[in-house]
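You will see two complexes here that share chain A, one where it goes with chain B and one where it goes with chain C.
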Partner chain A sequence: MDIDISPLIENWQFILTGLGFTLALSALSIALGAAIGLVGGVLRTYGGKLLDSAIGLYVDVVRSIPVLAILVWTYFAFPLVIGESLTPFSGGVLALGVHLGAYITETIRAGLTSIRPGQMRAALALGMSRFEAIRTIILPQALIRMLPPLGSLIVIAVKDSAIASVIAVPELLRQSQVLAGKTFRPFEIYTAAMLIYFLICYPTARTIDRVYRRLGVLGAS
Partner chain B sequence: MIAKRKTKSRPRIGSGTAPILSFEGVVKRYGPLEALAGVSFQVHRGEVVCLIGPSGSGKSTLLRCANALETIDGGRVVLEGVEVHDRRTDARKLRRRMGMVFQNFELFPHLTVLRNVAVGPTTVLGMPQRQAAERATELLRKVGLADKAAHYPASLSGGQQQRVAIARALAMQPDVMLFDEPTSALDPETIGEVLSVMKRLADEGMTMVVVTHEMDFAKRVGNWIVVFDHGKVVEQGPPQQVFDEPTVQRTRDFLSHLGWHGESLAAADLLVQPSSTDP
Partner chain C sequence: MTLDWSVVWDNRWRLIAGAEMTVILTATTMALALPGGLLLALLRLSHVRLVRSSTTGFVEFFRATPLILQIYWIFYVLPAAFDIRLSEFVTALLGLSLNVSSFNSETFRAGILSIRPGQWNAALALGMTKPQVLRKIILPQATLRVLPALASTWVSLFKDTSLVSIIAVADLSYVSLKIRSETYRVLEVLTAMGALYCLMGYPQAKLVDWMHRRFKVVE
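Our next item is the complex of A and B:
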């Protein structure tokens, strides 16, 4: 098998566009998932029975459906519900973010409940409201404690962004498919795509690991 | 400032005036268990009231009821005319006036020592960071830990952590300090440094309610002793009476269980010297 990387060199901008979409899609779906997860995790833990069940339902539903099915439904079926079409990119962000949000919700909830009740008592005894106590005392410790599982979720989110290729978001995998079809060089192009995913995800995982090793002790009350 | 409390007879401070904090028939139930079965006693300004009694007798529960960390099922707690458990009472405002120190410190592990002390004023009072840091630094100096300001709690000894916790509570400039067995989780060699900080606080006139098994502290620093058993106050009075001529068999049982026979325990020396362990 002869290897010819010239299609990659000639089409680097095409690949770069894909990389840009992958990064943007990942970043925005992680931001959406984190926002959902923060609010969901806190409300599920401290918001009373009703919110707990409601958010629990969201979590269970999302976790029981393949992310691919959520994506396809969001892009093709959800527009019928709202009477307005979505761009592939915004559909991708929405679907991946809502999916990720369920997992982050559960992770943050686990972190919050793991902080011993004396910490809340100490914060309240200073005169803090429950909200202030959660924001300044409980949540920061929970996030530090949950850094390893949250890090895994972030890396998975970057990898899952490739699924958006099925709704034609021009992200890295989609661009690779197009380019491979045009140039008949699937080996070089898909290998390059894998390498690029690795080069994003591996350092991310290592960095989060290193941060946790430095901060971990601060979450141990 | 040491001299003020040296008098042997320690009359009950302000006994002619209204108490700053009073417990009137306080009842607290956990399911079928009556953790507090009608507890009444009073705390006057500048007094050190020591709560003693066997484990499980309701002392911690009482402290948590004092600053509304727990609801109550009967009676009332009154802080200078304000009923603590009244629906219309703002529990948060009330808690600012009562500092609390816990058995296992409960310092915030993700904050530096300085921020632990400053976080109350900045978060609750909206005090600017710089001003809060100044107040925190001053309080850390007072408890002998100014040099630990930038450390995290995990790197401190138990005694040092508890002194930070005292500074943290003082940062809100409370009218009353509540201590729940502040030295019970400490290594013997660090108990003294915490007790001497507390004694200094008492000498400065701080009103204190102290749950403790340190009978020497109770006898020397306390103005009023309240003996708990099974959620009830079985005896209360000035230290000489409770320790030297207890009128109730329960008190005698409890004291002899602790090895108290009317004389000072060896730990008495701990109180005399301020801590010399600080670098």
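Our next item is the complex of A and C:
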């Protein structure tokens, strides 16, 4: 087998565009997921029974459906419901964000409930409001404790962004498919894509591990 | 917008066949990935440095790249570059098994390392050989401890099997997307697909939550 990397060199801008879309898609879906997860996690823990079961339903439904199904539903079926079409990119961000949000909700909830209830009582006794106590005392500790699972969710978000290729978001995998079809060099192109994903995901995971080893003590109580 | 749900009922047997394929893929993959994961975990605990580091590289690589790309790679690169031709089903099984084996190996490794070293020492002091200690003392305890984690992987795998639809394995996703393009009843068919996954996945997810509570490690 002869290896010919010239298709990669000639089309480096095409691949770079894909990488840009992968990073943008991951970043935006992580931001959306984090926003949903933060609100969902706090409301599930402190928002009373009704909110708890409503958000619990969202979490359980999303956790039992594949990302692929959520992506195609959001891009192909959801526009029929709202009567407005979505671009592949915005559909991808929406679907991946809502999917990730369910997992972040659960993670944050687990973190919040792991903080001893005495801390909340102490904060209230000092005259803080519930919201203040959550924001300044409970949540910071919970987030540090939950750093490892949140870190693996970030890596999962980057990997899941590749699934958005099925709704034609021009991200790294999609661009690789187009290129592989055009140049007939699947080995070089898919291997390069694989290496790029590895170079994003592996250092990210290791960095979060290292940060946690430095900060972990702050979450201990 | 008018909805016509009869399209789902009319195609019920195809959807059921797709769901069957999803279950078959999940079960077969797990049947391969449990021994696969255990083997990788044992190789990672080997005394030979080269074995240890190459296994670590293999596992980390599969855990840090997207499964969908791994499936594409096997599907397009093996025949083109190495002249290895596999059927779609075998390709799917190979991709899923390699990926899940890597995740299982981390689970098993964590389980084996979680058993206090005093147990190794005690067993060796009683005159048992290392393989005996592993088989009779360490693995039975470790397996019980990692059961909830393995069950979580099972649920992820169940959902990840949907990715093999991109190489035309007739699982629930592939069948649904096909019915969609034949009938143009996009909303109905895709909603039914989500609902079917939910119907199958929800009890599994709940069972896993229960296992996590039931088998919580107390030492």
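The criterion applied here is as follows: the second predicted complex is superposed on the first by the 221 of 221 C-alpha atoms of A that agree within 3 Å, B and C clash if a C-alpha of one lies under 4 Å from a C-alpha of the other, contacts with A are read in each partner's own complex, and residues count from 1 in each chain.
Criterion: a residue touches a chain if its C-beta (ideal position, glycine included) is under 8 Å from a C-beta of that chain, and two chains touch if they have at least 3 such contacts.
Please read these numbers as outputs of a predicted model, since none were measured by experiment.
Which partner does A:Ala122 contact after superposing on A: first (chain B), second (chain C), both, neither?
First partner only.
So, does A:Ala31 touch the first partner chain B, the second partner chain C, both, or neither?
The answer is neither, since A:Ala31 touches no partner chain.
Which one hits more chain A residues, chain B or chain C?
Of the two chains, more chain A residues are contacted by C.
Report, in rising order, the residues of chain A that make contact with chain B in one complex and with chain C in the other.
Common interface on chain A, chain B vs chain C: nothing in common.
What part of chain C is in contact with chain A in the complex they form?
On the chain C side, the touching residues are 1, 60-61, 64-70, 72-73, 76-77, 80-82, 155, 159-163, 165-166, 173, 177, 180, 186-187, 190-191, 193-194, 197-198, 200-202, 204-206.
Please output the residues of chain B touching chain A within their complex, sorted ascending.
64, 67, 69, 92-93, 95-96, 98-100, 102, 104, 106-110, 119-120, 123-124, 152, 154, 168-169, 172
Where on chain A is chain C touching in the complex?
1, 60-61, 63-70, 72-73, 76-77, 80-81, 83, 155, 159-160, 162-163, 165-166, 173, 176-177, 180, 184, 186-187, 190-191, 193-194, 197-198, 201-202, 205
So in the complex, which bits of chain A are touching chain B?
Residues in contact with chain B: 118-119, 121-129, 132, 136-137, 140-141, 144, 217-221.
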